[in-house]
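Look at the two complexes coming up: chain A is in both, with chain B in one and chain C in the other.
Now for the complex of A and B:
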């Protein structure tokens, strides 16, 4: 969240036509610039970013430091490749542009993309570096593209001259399958000086790591944090359940075969009931065009069998702390997994009539004095057949909820 | 004017202006990170001979000191070592955000060439008429005594007086009785 004014120096020399960075060096550079601008403006709304080109006919400032992201992205459009990069002049013009920034409280930073060979000698670069340090300007260097004799050395010398307390960085990006922007995301150029990165950078990094075009689960954590959280939680629960299931399958393979079969029979009944609900859910979700959400739900519904014990312990822990929460959890579990033994716990909770009637009263369109509701409450007192009872509970509840 | 006097008067009605420095806006360009401006300005640090303000990339330093209220600057004390202490010191009143590139753009309010007496603590009397209405002070140290790469300053002290201004904290609601 440092308040910063940044000037980005782009290399648009002839060397940028090369295709060793997909799709071309210049395009990879442009993508990286877009990402950096976004990250800077997002980490602090008062940050400003400016862009200049170092090659072509001469150093040209495309946009002076501004916080308007649209302007910056627009100026990247229609840039021409040609000429040779003039690193020294580029840095000096960038320094001048930063000197005339509107908000003098902003820290000054220059980000240089050095893709073509560096003509200047080490001494000259060190002088420039010293001048930058004297005026407390930080410098980030992205060393990519050509790597002829001495370029890396020169850039390292420049960095050493500028660096003041690790505010300046250099990143060497070799050609390869990874895009330039992906490599940069994990560097301090993006994440700032040891801050741990803004949400933008973090989520972009997650996307890059997952190989998904977009965000994890296809849901933007910024747009819908609750949904993203729910998805993540269900994924983790599912993983935990699967691990426990694997353990239990190994243990209980020989024992409880018969018991397992019986339960399987009841499970299939429940499963057919639940499947229709699941289909409804799936249809709703398909309307939202969210395949990852479907997958998560399908996965959570696919494992009704051996993880009941684990469920019980989870539920009883929750019940101990917060009975309402436990009830809600169990009801949601009911809908998705049709777990027979956990229903015993649910039935115990539901047996508390006053609690249940207060819940029913809060449901819209439910009148606690309604005869059918009273029937249900009475039937819940009898705990002789928990499964049957659950059927009765479910049917009226579904009616009520509609 | 008498209201502004404190116990530590240096000359007749001159006060150490340390209390009126707005610390949130104090800046120093080209200072070494381990030897910063606080070593030269702050009470206690500046008396310690081991703690100096040192320059970094070259021998010049640019110090910007804003004040919490308007003051008149009478004299200044700059202490340092014989060789690496500062020599030419230029003072600019009420110039915000100067950089090394524009120090020569306008004439300084005053220039002082420090002698060895000054470096031991003798105050440099300034052109008082130029510092009648000072909101901020910029001190530009151009070179040092021996021409070495690093300039070391042990103490900077400013002496002057305040202009009659309303102390907002002193304003109290008039009680009914």
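Now for the complex of A and C:
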């Protein structure tokens, strides 16, 4: 709710015709500007926003700072693309426009969209930055579009010169599937400095992102707290069940590996160092069999609360040692939507020849060429398909036995 | 024009005459080009504490000794003289220019505008010097802006104390801030003392 007067500097140079941001750089920029204006005026009704263009025939102020959103949106129509962006002049004119704002109590802020290459040198930009800082004007820079050698560096230098207590920000938006405005919504440019999201930003995030919502589970806790709570509880239960199943799969795999064999010599050398540590952890997990198995069963029966955290820390310790193990563990705590596939992934990993063989090779006292080991390994591979079902069956079976 | 105190302060009771700091609206005091935002509020204190440098002080940004301090008062005041305690080693300000009853001055305005009065300052580390004002111009000051353009050679300017001597009137220059507009009168908003003191009041 900071009382602020903002000047937005738009880049309407020739470089904005490019289509690497859908539908064109200029359109993406215009959408972002509209969103920013809305967010600013909504967060505090006395905020004012003004717009100027930096390219074309010269720097031109389209609308002086006003709180009338309609006026701002109207002036964005019929803008022409052409010329080269003059960043220094644009910022200086913005500063002048802010100086003559009607309400002197408003804080001053300039938001610059820098899409084309920056012609000025670093020194000149730093001088401008210092002058802004001296007059306590904050500056937000949106770096998108062209990315020639020195541009990022120059803009970072400008930000460093202006920044006073983290009131100024810079955002780099690479070209990609995400719209420019979507990327900006989550940045401090929208959300203000540490105030948390403004209501507009939060709702815009939820609406604009569509299926991929800013909120967990796609439901706004403010709108529907019971549904959000139900979803969260069910996901935690699912996660606990998965971890129990994953633990069982890990135990079985380690038991079988002790009698397994090596199939691929080259993979061993690559992974032997990393694998030995992971291996020790696996043996430890197997040794903690009974206690952890009981924990897992207790978890799947009871409410998944504290014990789940234990599991998480155990697993994360192991994960730190070995990236492959980390991948396996990560898969085991995947989202509920992926739960069946992650189960398959875990067992697939275990069935993966190279992974298993790399671990086997470093097990002490195991001779990979032992025929009995080979047999067990072959049978394990055949079981990899129904193993997933077996895991799920075993869990409830053991519950029944208990 | 300056006067020095060559007597002990107890008989003279200096502290009461430097009491205009009580009428400063501290929440609205701002400074431009200060290194730590908000540190400007620490320079307004009682006369006895003017040399107390353990707390914060106002310092300008590195490499730029200019400072601009905007001070609004809670009521109109008459300012007789001003005292400034700067820092050591050339960080004291060397000039002072003041503007009255204008808000939103920034550096370019301050440099181009004609000040109401300006002084050449001396390094005043003990706070014994005061700079008298042309009193006729300082009769109803709602806010004052102090511009310190340079220091005594250092890269930054430090200020430990700013004091004002004068008197406060009870008048305020502001427009009335709180007005309640009613479409229909609500009797509970309009209880007079007679009614609340006792006895019943009927409203038909």
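Assume the second predicted complex is superposed on the first by the 207 of 402 C-alpha atoms of A that agree within 3 Å, B and C clash if a C-alpha of one lies under 4 Å from a C-alpha of the other, contacts with A are read in each partner's own complex, and residues count from 1 in each chain.
Basically, a contact is a pair of C-beta atoms (placed from the backbone, for glycine too) under 8 Å apart; a residue touches a chain by one contact, two chains touch by 3 or more.
A quick note: this is a predicted structure, and the numbers were derived from the prediction, not measured.
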{"item": "Which superposed partner A:133 touches (first chain B, second chain C, both, neither)", "value": "both"}
{"item": "Contacts of A:104 with chain B and chain C, given as first, second, both or neither", "value": "both"}
{"item": "Which of chain B and chain C A:169 touches, first, second, both or neither", "value": "neither"}
{"item": "First, second, both or neither for A:232, with chain B first and chain C second", "value": "neither"}
{"item": "Partner chain(s) touched by A:120 [first = chain B, second = chain C, both, neither]", "value": "neither"}
{"item": "Shared chain A surface residues [contacts with chain B and with chain C]", "value": "99, 104, 130, 133-136, 164-165"}
{"item": "In the complex with chain A, residue positions of chain C that touch it", "value": "32-33, 37, 61, 64, 66, 103-104, 106-108"}
{"item": "Chain B-facing residues of chain A, complex", "value": "99, 104, 130-131, 133-136, 164-165"}
{"item": "Touching residues on chain A, where the partner in the complex is chain C", "value": "99, 104, 130, 133-136, 164-165"}
{"item": "Sites on chain B touched by chain A in the complex", "value": "29-30, 33, 56-58, 60, 96-97, 99-101"}
